[in-house]
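Before anything else, here is the set of structures, which you'll find just below.
Both complexes below contain subunit A, partnered by subunit B and then by subunit C.
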Partner chain A sequence: MLLENSGFFSSEPVQTALIVGTCAALVSAVIGVFTILRGNAFAGHALADVSSAGGAASFLLGINPLLGFLGMAWIAAFGMEFLGVRKVRERDLATGIVLGAGLGLSALFLYLDVTTTSTTGAAVSVMFGSMFAIPQSLIGPALVASAGVFLLVGLLYRPMMLTAVDPDLAAARGISLRWIGLLQLLALGLAVAVCALAIGAVLATALLIGPAGAAIRLSRRPAQAIFWAMAIGLTAVWGSIWMAYESYYWFSGNAWPVSFFVVTLVFLFYLTAVLVAKVMGLSARQKPVIWPHCEA
Partner chain B sequence: MSDPVLSVAHLSVDLGGRSILRNVSFDLYPGQLCALIGENGAGKTTLLRSLLGLTAHRSGQALIDGAPADQRRALVGYVPQKIAFDPDVPLRTRDLVQLGLDGHRLGLPLFLGRKKALVDQALHAVWAEAFADQRVGELSGGQQQRAVIAHALVRQPRLLILDEPLANLDFGSANALVTLLGTLTRTQQIAVLVTAHDMNPLLPVMDRLVYLVGGQAATGSVEEVVQPDVLSKLYGYPVTVLRHGRRILVLPDAVAEDAETCTASHVPHPEKAD
Partner chain C sequence: MFSSFMINTWIASTAIAFVAAFVGFFVVTRRSAFAAHALPLGAFPGAAAANLMGINPLIGMLIFVGMGVFLLRQLVRMGRRDVGTGLVLVLFLGVGALLLSMTSEYAPAVFSLLFGEVLGVSDADLWPILGICVLVVVGIALYFRPLLLDSTFPDLAALQGIRAARMDLVFLTLLALVTATALPVVGAFLVFTLLVGPPAAAQALSGNPMRVLVLSVMFAEGCIWSAIALSYWTNWPIGFFVGTIGAGLFMGARSYRHWNQRQRNFLVV
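On to the complex of A and B.
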């Protein structure tokens, strides 16, 4: 019906957007759950913001923007790890400092983009994404980066989970908190790059944290949380691509950006999840269980 | 008697140039519960960390089943201090226990057949079946403690170490936990090491005592260790040991002189205000 008439699936930019968007939704679901459990949401947000410097630099140097986002996200990840991420307060401090420095670079590179090249759209594209403008040549790199996230998380699933649940328990099992933390940040960097490519560096947080945050409230098991995060992320991304495409007709030739729809849908899903969790009493404390030997 | 599970001999540990533990020695056998008693800063946590192979020692040795602690992690179950799970963590009690079995392994947790039986067994051992499918963040403090004990037990360790398990528990939960620890020690024939500020709650189940003061230890049975001469030597100043029913109170002498008249006149006073 609507889709067939408007040539939705036959459009090349739509196909590219669907593939890259699907990658972004899946990887952010997988890594997002661990990021939130470890209390690392702020670090995830910072990595995404800082990656904008890499995206801006890639316009300047004429290199693959995915590499730009990824390079800067990894540099930031190493910076945070190096400055200290052990205690929560130190971690926030290190994250904030790296975030400030990174955004400074971003300001410089975007300024140079606009002044030395004639890419006036660079700033919007880097910061807020332009999904229908992603070149087809980036599909391959996006798939490789996504596979990297799945590989890392698949390999480290259990140690990462135990570390997220309680670092002391993990350390007692001989798990190196330092290595797990670093590898998790590397996987997060990969996910950030894919998300930044899809919906922009600044808005990437929404996809990284939102679906996972909503899913965690609805789930009792880790695998269940990842499943729901994927479902929410995919629904938001696919729905947004369709709405943005259709919005061309809704607003008489002025299509709204995909990123706006993604962020809005994710927000609505999160609100719904909070309400559902409240109504179903998922987060509420159950009645206490009496000790068996006390009853005797 | 069989070989000791844990054998600590002349163990000394320095941290940042400061001497934290000096010449600590004790053995622990299967089926024994040992209390590690000391105030804040006495070196309890440092001793535990050496037994977990997380802190290097300057001299002496800590052997678990005859080998250095860092080679015997699989034989040690550990319950850390201050357990507080976030209410939103999507993890059931049963999942936490399963992470005790395979949390250090790489790859995805796919084949659960035999593991489920082990997990159920550990849940049963700590009387946690009733909340096995609840999220750990929804449990009470005492229940979370038992969930973590099951997490530590599921690999069938020979030595179970608990760091201040009675802190933050109300009297009822604390008593129940002590009963549970006594039962586990006997039925599973494991060695259990429990740290605490106050020895009194553990007296009914305690087989041995390591009394730490300023990094030095007196070890043995309660009768051997909690004696005025032994403890005075350890503290470096005279102390008095008061016994009231099944309660024990250790006091520096200046305070104890007044307290002694209290017990002499049978004033029901000596409950340690801790």
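On to the complex of A and C.
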């Protein structure tokens, strides 16, 4: 057992997976809480899905996959902004249209990947991630992207939080909703890119909204919610990397994908948080005014 | 392009686009694009599981999409709607990724499940698809009025004794059925565009429900026919064409409305 564990930490792919996974969990916890408070879970998911087109294109062009994910996520963010995401009634449709077009592009790029280059596994690794196959050279860019998110949120924490919780009040205080919204989308794009690199573009949503959704049920203050989201996200990611590594022995040489464990753990944590909140009487109705958008 | 092995595809896709337009009309009026995106992805592991066990994929997809509807309703009841939907979606995708990692036929099978395949319809597949399409049409005919009222004026519907929870179940069931039939042809990711794009474009052009329905059927048929034809010629994935044509229709309709309104305002001024 001891021997196996020492093998776990000294293995190079595991080290890379742990670093990138930790970045993804921390960054998505911070951004996730804002995203859910703004009621933007669908938009967050859409950005992540569309970023898969960037990941696929990066295989084709031979550029850094993180840049590919990021570029496409930002393009999608501007597209949604342009199509009128501000009006709540139109938001759902505009998000959906951008999502559809982005996935279409992703289909084309993946097809071209398979036909023109010989990267047969591109579809699976872009969509569902393969954490143990992340090259070591991507650790640096992932750290830079995460630092960017923390810098943006650190500088703009108060106006961002006020805008998320009560846009009218924020506007009355003289905060430019347009700029804050745009900066937040940029931060969301960075977070999505790191998550997509770690657990795959279409599964990135699990880290983005799962831990934050659970944390919001458990806490009464935004900062507390971010802390809980980080704790849940880290536990899920570290636990899944370990389980995926060990599953090689459990299923006689047929290791299960890390992303599957991440998604399952996040889901279980969410269910637990909902139950705990119910037992402890933290139901949505009794929540203090700080969560005005938390309708039942 | 119209040779014998393509005939089934044309028939099936015409039927699928027809029902997709009707169900999509409700997706758009109920603003539940996220659910319409999540359910096809819920059906996707069903196809993978059926592949693994060697049973008919349609049965696997129906079972999984049924579980998806059940979980979605439970989770939405427990918390915020968008968070619950998103989590159900990734859970099913994660299971799908696991099942795919177990099968031996790797990349091409994954690709056609996610992004569609033109030649996927055999004679044995055709009849179940048509049967389910008829079922959906009957369901819509039965529930059209209450569903429309519940989608547009929920308060008024409640006054008339229409139960919102029941309408939600009816809507999700119809959506699930369409999803399971459309998935093999259009692909798990792009079923959603077929559902949302044409009705959204139609709604930008008209406010009358009947006119919107007729327009969205026309748009959906046009979208899928041209996607199949283009995919047949270029050999590119059908999902790409469905996605871009859907978005193009929406953009076109929006610009037309914008231009039209400007003209009218100009006359008034």
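Definition applied: the second predicted complex is superposed on the first by the 277 of 296 C-alpha atoms of A that agree within 3 Å, B and C clash if a C-alpha of one lies under 4 Å from a C-alpha of the other, contacts with A are read in each partner's own complex, and residues count from 1 in each chain.
Heads up, the rule we're going with is that contacts are C-beta pairs under 8 Å (C-beta built on N, C-alpha and C of every residue); 3 or more make two chains touch, one makes a residue touch a chain.
Small disclaimer: the values here were computed from a predicted structure and weren't measured.
Of the two partner chains placed around the shared chain by superposition, subunit C is the only one that A:202 touches, whereas subunit B remains out of contact. In the superposition on chain A, A:210 makes contact with subunit C only, while subunit B stays out of contact range.
More residues of subunit A are touched by C (comparison of subunit B with subunit C). When both complexes are overlaid on chain A, the residue A:133 reaches neither subunit B nor subunit C. Contacts of A:276 after superposition: neither subunit B nor subunit C is touched. In the superposed model, A:168 lies in contact with subunit B only, and not with subunit C. Contacts of A:155 after superposition: subunit B is touched, whereas subunit C is not reached. Shared contact residues on subunit A (touching subunit B in one structure, subunit C in the other): 217, 284, 294. Looking at the complex, you find that subunit A touches subunit C at residues 36, 39, 41-42, 44-45, 49, 89, 92-93, 95-108, 110-111, 114, 120-124, 127-128, 200, 202-203, 205-206, 209-210, 213, 217, 254, 256-257, 259-260, 262-264, 266-267, 270, 274, 284, 294-295. Listing the residues of subunit B that touch subunit A in their complex gives 52-54, 70, 73, 76, 78, 80-81, 83, 85-92, 95-96, 99, 102-109, 127, 130-131, 133-138, 140, 143, 148, 151, 172, 176, 179. Against subunit B, the residues of subunit A that register as touching in their complex are 33, 37, 154-159, 161-162, 165-166, 168-175, 215-217, 219-222, 224-225, 282-286, 288-289, 291-294.
Residues 28, 31-34, 36-37, 41, 78-80, 82-83, 85-87, 89-91, 93-95, 97-98, 100-102, 106-108, 110-111, 114-116, 187, 189-190, 192-193, 196-197, 200, 236-237, 239-244, 246-247, 250-251 of subunit C are the ones touching subunit A in the complex.
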